[in-house]
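Per-chain numbering from 1; labels A, B, C and D assigned in written order.
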Amino acid sequence: MSARFLSLADAVAEHVQDGDCVALEGFTHLIPFAAGHEIIRQRRHDLHLVRMTPDLVYDQMIGMGCARKLTFSWGGNPGVGSLHRLRDAVERRWPHPLQLDEHSHAGMAAAFCAGAARLPFGVLRGYLDTDLPAHNSNIRRVQCPFTGESLAAVPAINPDVTILHAQCADRQGNVALHGIVGAAREAALAAKSLLVTVEEIVESLSPAMNGMLLPHWVVDAVAHCPGGAYPSYAQGYYERDNAFYRDWDAIARDREVFLAWMGEHVLNSADHRGFLGSLLERAA
Amino acid sequence: MSACTRDEWMTIAAARLLWDGCVCFVGIGLPSAACNLARLTHAPDIVLVYESGTIGTRPEVLPLSIGDGELAQTAAYVVPLPEIFSYYLQAGRVDVGFLGAAQIDRFGNLNSTVIGSYDAPETRLPGAGGAPEIATHARQTFVMLKATPRSFVERLDFRTSAGYLGGSGARARTTAPGGGPCVVISDFGTLVPHPRTQELQLSALFSGVGVEEARAAVGWPLTLAEHVGLIDPPTPNELETLRALHARTRAAHARPMPLPL
Amino acid sequence: MSARFLSLADAVAEHVQDGDCVALEGFTHLIPFAAGHEIIRQRRHDLHLVRMTPDLVYDQMIGMGCARKLTFSWGGNPGVGSLHRLRDAVERRWPHPLQLDEHSHAGMAAAFCAGAARLPFGVLRGYLDTDLPAHNSNIRRVQCPFTGESLAAVPAINPDVTILHAQCADRQGNVALHGIVGAAREAALAAKSLLVTVEEIVESLSPAMNGMLLPHWVVDAVAHCPGGAYPSYAQGYYERDNAFYRDWDAIARDREVFLAWMGEHVLNSADHRGFLGSLLERAA
Amino acid sequence: MSACTRDEWMTIAAARLLWDGCVCFVGIGLPSAACNLARLTHAPDIVLVYESGTIGTRPEVLPLSIGDGELAQTAAYVVPLPEIFSYYLQAGRVDVGFLGAAQIDRFGNLNSTVIGSYDAPETRLPGAGGAPEIATHARQTFVMLKATPRSFVERLDFRTSAGYLGGSGARARTTAPGGGPCVVISDFGTLVPHPRTQELQLSALFSGVGVEEARAAVGWPLTLAEHVGLIDPPTPNELETLRALHARTRAAHARPMPLPL
């Protein structure tokens, strides 16, 4: 089965259902902001969101009431501070309670790897003498059948749908990404369904050799979405908008300001191009 | 040159502790500044590893985020994140892990998860990130932490990363391969673990800082190491290099990013 | 600690000891033939050899009496047939008995990955309903602490020394390889000591980004050894000598012919250059 | 054009069974020829995966070894070997796995390890390679095996890869996700498993071959499928394409390799 080319709206409508386990991955690079916004526009809710580093786009999704549960390992605004919507959900259950499945980076990496390999659990020397296992029954122990040593175990993560943003796809739907890739590959291969937004669709990719490629037959849908990682960045295309990240702090601190901003820029824009246009207007 | 700030002094004191060729697992913020300052001064061949998977990075400007493009572009090599944690950190290939935290206790255990109870937190913090396994596997860890009324505490609200647990060899009796926190760099000076009890003791002060300031900053009865040293003020070269790095960083981060439209 | 630059003879003398567990990896590409020959020249013995696909160079080492044990998953002459020296050792204990630790490719891959990650065991859905576990106590079962499912487990492989051949190294000892890489990276990172022979030493490598590199601080020794993978191949440098592989079949079939050939070409040549020269002479 | 050989016919018969777009895990030898013939005829978008880690390979000439440079140079993507086995094969992403073996039994179980006893073998064979997990995980497997006096046997000397075990649903009661061998292509024709017992039965013959030849080649009492078909002779296009591929391959492999001196 090969990748289909869809508009982002159609791709989200088809691949993201209420109640789904959804991973928008990208380790502070190639963050699928456009896709997150489209999920908000389509008013998806009751989602189990998965992401090592929930950042602004998850803050927005949580604040807009899309999520019932969050699997994560570090939830902050990188280099800036808190995610106020995430905090509001955890500390004051607004807009509703958020269940946490909290890990370390190493633990989530092992869980994604297990998911990609279709093993039921991942093993690591981790979580040693920390309070995390006491608060998360998804952190257990397994015994080495050779040495008897006890190690940490985490259940595999197999999202219903993983969404990535990547630099380009060819006409067959082979997807190429480069730069900081985080656990993008593992999250992609662990998913039941894979949707990728890309900066560019090209006639053919240059041979990848040992680069990183998601072959077209593991990709379900490709949506052409230039600027789709903004305000994060796409190596080779555009840089991170650090000012946006800094400004977000003040916007997200206050529920009303947040809702007004989301209304103006996300809900009132038809798509990502519209979203970017609304920011341009405001700046002018 | 203007007098140095405590932040600058902390950064410079931390940088001095790093040696040329050492492999550092670096976090964003003060640790990243310290490691790059070391690289730009006495340790040109220090190997900087960021958890985003960039190995042997030589950034021109400091990253605002762990995943900044600058880190990838100047890296010898960028690997997927699972590899960084399994094939490098867990494999015992990291000499120094740099940690920060919201709270530290007298045995160097750290909290970066919650203030208050886990289920009904007063303040929800960002969480563990790479810290628990850095604390377990790095051959040694450096902790950088400014003194605030709630940072050096008698009792942690949550143990995110293990230091010396209850002290007196408790850590050595676990399976943790790394040695634990060998120094805490704060804005009054440094603490090191007592050789036997592993309780953190005052080991050095920035010149001009008195023991009383340190005692006031720390939430347990702070004892003094056998020898309490004085940390030399920044040299002009250290301060100039650090300030130039920060100036480059500010300029780069202030550059407006055109919308990708 | 950074890589040291040594002659291959010095590197083998320093890093390979009698009795060691030694992995010369390379999945039918970049096979470290020169290093294997040097081990034979230095008369190392009692070695525990590890390699997914023991091919001609292991046939030669086994026939010359270097090995007491072999961990492997497929032992043939690729595209040609048997490894006659390996067969002679297993079937007729010549020159002496060879203990087998036999796996599947998937099992050895899991064992190398566990070794590189310094985990005591690797997990896979493997060895299902085969006779291998009955003959190898290194294939056991482990139970998932979440689902209760039983999976196959193999002990980590952590060689005393891994030897690779690669395309190039820079002056610091960073090693770059590309093309078919097999389990080379995992075998390298799993080893206590890592020795790499390279086609070329360059002033500096081009930025690897997501390519494959072994950083200088995981490499113990680098030996400059052009043609070091011959008769296998080095992508970008030279191709595989298929005729050599075919001709080997006749040479290896007979103990006397084998010993004479090894004497003439390997033992009587001072180094790999000498070995290649002796083949040129014979061809002339 | 000369009459086709049995090898050619087997290859062509196997190629016909593959469909465009299917993801094939390919072994060296006859399977590799069959898959590439399919790609060059009716299945241009077949995805060929070799266990050496090359994905989406389109070799001009057949590889002599699983690791030939030709496979890497013409691949969409080359991954480390552990990924091929865990993220692709074990993850259930392979439609068809091609297996060969020294021995096959009536339930499609395969031996590629030893003839005789394991500890004192009469003939030591190369061993398992990727086969046990291909047999477990590929959605279906094709087996290609020439009939020799000891290939189709009543009892295997060693079970390297599981087929239908003892038949009658035994495989379905295990945790193996893959469906097992759905066809065996030999040099007299093809066998398929009986729908209920899973015993391999004669399903088709090359035209010109009689049932008796098949019965003589098989070491158990061979039964006939409900319908025994006739396999069409190669078309001129199939035979020309295959022969041209072999000719290119022979020429490439005969090219003398200069010593890297």
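Quick notes
Definition applied: contacts are C-beta pairs under 8 Å (C-beta built on N, C-alpha and C of every residue); 3 or more make two chains touch, one makes a residue touch a chain.
If you're wondering where the values come from, they're calculated on a predicted model, not measured in any experiment.
Of the two chain pairs shown, A-D and A-B, the one joined by more C-beta contacts is A-B. Seen from the Cα centre of subunit B, the chain whose own Cα centre is farthest off is D.
Subunit B and subunit C have centres, each the mean of its CA atoms, that are 41 Å apart. Centroid to centroid, with C-alpha atoms defining each point, subunit A and subunit B lie 28 Å apart.
Averaging Cα coordinates per chain places subunit B and subunit D 56 Å apart. Residues of subunit D found to touch two or more other chains are 72-73, 78, 86, 90.
Within subunit C, contacts with two or more other chains are made by residues 118-119, 124-125, 149, 179, 181, 185-186, 209-212.
Here the chains touching each other pair up as A-B, A-C, A-D, B-C, C-D. Here subunit D touches subunit C in the complex through residues 28-29, 51-54, 63-69, 71-73, 78, 80-82, 85-86, 89-90, 113, 118-119, 121-133, 136-137, 158-162, 165, 171, 174-177, 253-254, 256-261, going by the rule given at the top.
The touching residues of subunit A, counted against subunit C in their complex, run 118-121, 123-125, 138, 140-147, 149, 151, 153, 155, 178-179, 181, 209-212. Contact residues of subunit C toward subunit D in the complex are 27-29, 52-53, 72-76, 78-80, 82-83, 86-87, 90-91, 102-106, 109-110, 112-113, 124-132, 135, 149, 179-186, 212, 226-227, 230-235, 237-245, 273, 276-277, 279-280. The residues of subunit A lying in touch with subunit D in their complex are 1-2, 116-119, 174, 185-186, 189, 205, 207-211, 213, 215, 217-218. Of all residues in subunit D, only 21, 23, 45, 47, 55-56, 72-73, 75-79, 86-87, 90-93 touch subunit A in the complex they form.
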